[in-house]
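Quick one: the structure is below, and I'll ask about it shortly.
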Amino acid sequence: MLQTAQRTAKLKRKKRTPASLGEAAADKTAPPHERFLEAFRWMLLARALEEKLVSLYRGGQITGGVYIGKGQEAVSVACGLFLEKGDIFAPLIRDQAGRSAFGEPLVDVTRTYLGSRLGPMRGRDGNIHRGHPRDNELAMISHLGAMVSVTVGTLMAKRFRGEKDFVGLSCIGEGGMQTGAFHEGMNIAAVEQVPLVVVATNNHYAYSTPNDREFACDDLVERAIGYGFEGYSLDGTDLAACLDVIGGAVKRARAGRPPQLVVASLLRLSGHGEHDDASYVPEDMKGQPFARDCLKLAEQTIIESNLLDPNALAEWRKDAVAQVDDAVATAQKEAVPEADKEDWCALSTRDLVDHVGEDE
Amino acid sequence: MLQTAQRTAKLKRKKRTPASLGEAAADKTAPPHERFLEAFRWMLLARALEEKLVSLYRGGQITGGVYIGKGQEAVSVACGLFLEKGDIFAPLIRDQAGRSAFGEPLVDVTRTYLGSRLGPMRGRDGNIHRGHPRDNELAMISHLGAMVSVTVGTLMAKRFRGEKDFVGLSCIGEGGMQTGAFHEGMNIAAVEQVPLVVVATNNHYAYSTPNDREFACDDLVERAIGYGFEGYSLDGTDLAACLDVIGGAVKRARAGRPPQLVVASLLRLSGHGEHDDASYVPEDMKGQPFARDCLKLAEQTIIESNLLDPNALAEWRKDAVAQVDDAVATAQKEAVPEADKEDWCALSTRDLVDHVGEDE
Amino acid sequence: MSITYLEAIREAQAKLLRDDDRVFIYGQDVGGTFGGAFKATKGLAKEFPKRVLNTPISEDAIVGTAIGAAMQGMRPIVEMQFADFSSIALNQILNNAGTHYWRTGVPVPITVRLPCGGTKGSGPFHSQSMESLYAHYPGLIVMTPATVEDAYTMLIEAVTIDDPVVYCEHKYLYYHLKADKLPDKGLPIGRARIAREGRDLTIVSYSAMTQESLAAAEELAREGFEVEVVDLRTVKPLDTDTVLASIARTGRLLCVGESFPWGGTTAEVIARVTNQGFHLLDAAPQRLNAKDTPIPYHPNLWSAHRPNAKNIVAKAGALLRE
Amino acid sequence: MSITYLEAIREAQAKLLRDDDRVFIYGQDVGGTFGGAFKATKGLAKEFPKRVLNTPISEDAIVGTAIGAAMQGMRPIVEMQFADFSSIALNQILNNAGTHYWRTGVPVPITVRLPCGGTKGSGPFHSQSMESLYAHYPGLIVMTPATVEDAYTMLIEAVTIDDPVVYCEHKYLYYHLKADKLPDKGLPIGRARIAREGRDLTIVSYSAMTQESLAAAEELAREGFEVEVVDLRTVKPLDTDTVLASIARTGRLLCVGESFPWGGTTAEVIARVTNQGFHLLDAAPQRLNAKDTPIPYHPNLWSAHRPNAKNIVAKAGALLRE
């Protein structure tokens, strides 16, 4: 009867490690520096992947927009890393690191961007809209804010079924926090007391619009209390802090505390999309502490604290690039969708499809 | 050029006093007890009017629903009382007292409820949806939350024109605060820093739904800070407190402080509408302090503090009933709308009306 | 025994809740001792306190939550307090529920109940018929039952179907329509019904307008005309075949709907009929819709705004005499 | 000099801002040095920093604010970043702006600009044509300019008109369409345009489909057919007279639109034509719309989803040979 949910998170464990070398799956109880390294490795992979996508885009090989998470990998990876099989993840457009850590196969990404017919969206939807709802990676619609209540619903279903110890994590930008849908979703989450973590990233811009035309409170985390969420602020450039705060929020939600809101601060280190040169970002902002690159900072920590020897680091980098190249090569070999092979049918119940009847 | 706004608040001063005896208009700098008495008199009038509407409804003389503000008159009157000519008022369904204090003629009410063709809505819309937008009394649509941003827009227009010292006041229930439209409206008000006061009345129910299925924070006033509003809590049964807190909020908004949120607590002392017996309200709640009747409390204060001699009070009551009866009698004599006298035209630009052409 | 259209809707939900623990009802005031603004869920929360749930006034989130639950295998029924408020949830319905199966291959079996249509004194925001907005967009099934029996069986089917269903129930029919008993099974979803046979003219309608059309047909019968009335039952999918077969018999078409005149169901029916059955028509096809203004509050205006038996008779009469 | 459809929209707004200080532009990313996702307001904030304003991502409040300002005498222009996001503002547009004049006698002169229609790779949520949703409801004027000249003059008129206007600008035409110069005056609003004369077949279309239809007519001319192309310009009001006059000349109708097939503009045109011009038609009227699925991302699928010159030629050719 509950078939839809039965096939959960199959893909996940398979790809649970950032290396392609078959290491053991991430250990949730790993000591902090191992967790830090694991997270860093996913970040490396996400960065390598997105750099590749950007170069493919520049080379005219990608149709539609390319939106990347440069500078947001630390927050994002922490979103994916603490989720277990059976948990729900609702990523948005800057969550490559989190998607990968959650278990999204790299080929899902390259297939979608390169228009392979074998991608999860089969050419019907593109790029950042991909998802694997059966594996609990929700497929966002563009309308910001809309996925929060959808995440709430998935958690209610699990509770209806008597599942235990699950959480859902829904991502949002500071821009998306100003939508009515976000508000309704937050409030209904608190009313239903579902185990939800909402991670909001204030990257100081919604497209070209700076914070002062987006909202007028001092700190968006102050919204938590008004919803009955527990709220936490976070320096989104600091990987250790991200793991700590987001990991803590996931743990608390899982343990039955009220829904959790984490608001991370950082700067988007790219244009809104790759078509955008972000010339509206003032130079002096780029010198602010929140403008630092989380990946570089994490690498610095690794080197300074000697968490990894330089050779291994170089090896990880190479491996990331190799994985990406692999995934790109795979997708590039695959067939693209063809109109005459489509069934052009928006319903799963075929005999209820409407026929206009004018030799469509 | 700014024709639409030119004819503002004409009706207002005319009806600025709750007595029909031609007293001087309310003095904004009146000492507290005079203000208290004036407010009380509007409350009496509102109560008398709504009691009459209820009896007309029971007698089958009103089409559509009757929604009253019983128990909410103290909050509501304070909403209308501090607004000046040129200010904007966006009342909702329980704001008879505020509407009257703002300057809504009684016949607007009786004409609308009794379906007179001369009413402000001319039979096209009914009952609580009435308004006089040209006189700055906005005409609510049913969709809760929608009027907040509309109020913001009216204030922006005034600022564009260079007007000074105006405010807008928009009412909402605790139920309406959970709409996306409310959230977007609050946030945009703060971003635009318009002189807006939002008065939210938590009457513990949205129709039949109690607070615990509406929201999950401890106190809705905690939402103020997250929007960049200044927030105040209020015992909505206490007229002096209402005048103080709402009067203060209007003053601060007018003086250029950030937008103001006031959250009043009280119990709805009627059904949601007159069709509803509110049997879902538990008996013990009716014994709580927030369940007291603000009108009775105010009367008690008047008597105990000897603000008015008993004869005058009786006179006021009689006058209120007389005014109401008058307004009812007027409306009852008037013609009702007739389909063949309508132009059935939703556009003001007549030559752009679409004609289906099938002898409509 | 006699059962109303409204009771049929309640019975269908009671049965669904009993037979299938994936079903839950979500909406404003549906729960507690109250049972909904129209009492369509009266008593259900008592029997199923965990599966008949009151919500905040948050139409977008109500439908969003239902969508999420449906993706995970539940069968939510959402009650909108009035169809008119579904404008707030429209984005979730059209862009999330309506696209999800096509985009991801995962169906979203939600049922959104819309109390539709005009009643006396309800005015612009409590009277709307919104089937045409929803039917225009891909990915949704739009049901518009016109009888007590259909109200019952179609709601059960709506929840059973794997795809999102917008179920338009007519408030005017709630109390005005009665049946002796509830059937186990109705016509298949997607099939129109010949509500009355005739050979002079086909009236195509749905929801409350089927009842007005039947009353008009009755009246016209007294003048000697045999009018066939087709009840579409679902406006999407739209059963063009049954409509065409009727017109093949009658040669004349009047299409009656309660929503606004521009576009919508009546236009769609006529476009299909004239495309596929042009040669079947002996006269120009006609429509009757509400007027192109908001729906008026005052009964005098309202009764002129919406089609009714009287002006259907006038329009049909003219067409019959052409 | 050569000016694009997009530049015409910018020029119209520049002129409006200069000529009338009641005008302001409100929307996401329209201000600053940025000038909009499509650059339709590029440079305007520099000249009018207080009247070209960025907003939060709050479509409902953006339109609500515009409505309030319009009631008070301003002439706001709202830019939706994509038409698709207007689903969030739909309630304010339909139920507040669309009803206000009728309810209160106070008009609400807002203009909502919707960047509409498909472009390669834009997918289900950045490609929609929403004119049919807005035209279905009373109280709104819905413009769908198909030429650079109309884009310019109609936007100026939209802001001048006292009633709410939904102005659908087509993203595909932004750069693809060029004119030599901008006219001072266009055809009156509400009047359709004969975009190309012919006597064998009438194609009725609007927005980008006018351009596809013209290309198809060109192609068919090579086969010896004279196809008349009618550009509706506004889908509401819909100029039935001009359409009928054309069909009186040609006897054949094909109606082409880019939105979804159920209901909408093409159905409405056919319903009117068959009602009022039944006797003028020598063959069954035909339509061509997008397919009844969400709009696909992949170019291979997208180009099959939407009508284009090629399948217009095929459809028209069949109709001409009938």
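Details
Read from first to last, the chains carry the letters A, B, C and D; within each, the first residue is number 1.
As a working rule, a residue touches a chain if its C-beta (ideal position, glycine included) is under 8 Å from a C-beta of that chain, and two chains touch if they have at least 3 such contacts.
All of these numbers come straight from a predicted model, not from anything done at the bench.
With contact taken as defined at the outset, chain A and chain C are each touched by B, D.
The most distant chain from chain B, with centres taken as the mean of CA atoms, is A.
In terms of their C-alpha centroids, the spacing between chain C and chain D amounts to 30 Å.
Per-chain CA centroids place chain A at a distance of 36 Å from chain D.
One finds 46 Å separating the Cα centroids of chain A and chain B. Shared interface positions of chain D, i.e. residues touching 2 or more other chains, are given as 55-56, 58-61, 84, 87-88, 91, 95, 98-99, 102-103, 124-125, 138-139, 236, 238, 262, 275-276, 286-287, 291-294. Shared interface positions of chain A, i.e. residues touching 2 or more other chains, are given as 121, 124-125, 129, 141-143, 145, 178-181, 184, 187, 191, 213-215, 345-346, 353-354, 356, 358. Taken as a contact graph, with one node per protein chain and an edge wherever two chains touch, the assembly is complete, since every chain touches every other chain.
Every residue of chain D that touches chain C in the complex is listed here, in rising order: 84, 87-88, 90-91, 94-95, 98-99, 102-103, 124-125, 132-133, 135-139, 236, 238, 259-260, 262-268, 270-271, 274-276, 278-279, 281, 283-287, 291-294. The touching residues of chain C, when paired with chain B in their complex, are 28-29, 31-34, 37, 53-61, 81, 84-85, 87-88, 120-126, 261-262, 286-289, 291-294, 296-301, 303-305. Contact residues of chain B toward chain A in the complex are 145, 178-184, 187, 190-191, 193, 212-218, 220, 222-228, 258. Within the complex formed with chain D, the residues of chain A that make contact are 63-65, 115, 121, 123-127, 129, 141-145, 175-176, 178-181, 206-210, 213-215, 279-280, 336-340, 342, 344-346, 353-354, 356, 358, 360. Across the interface of their complex, chain D is touched by residues 1-6, 120-122, 124-125, 129, 131-134, 138-139, 141-143, 146-158, 160-161, 180-181, 184-185, 187-188, 191-192, 345-349, 351-358 of chain B.
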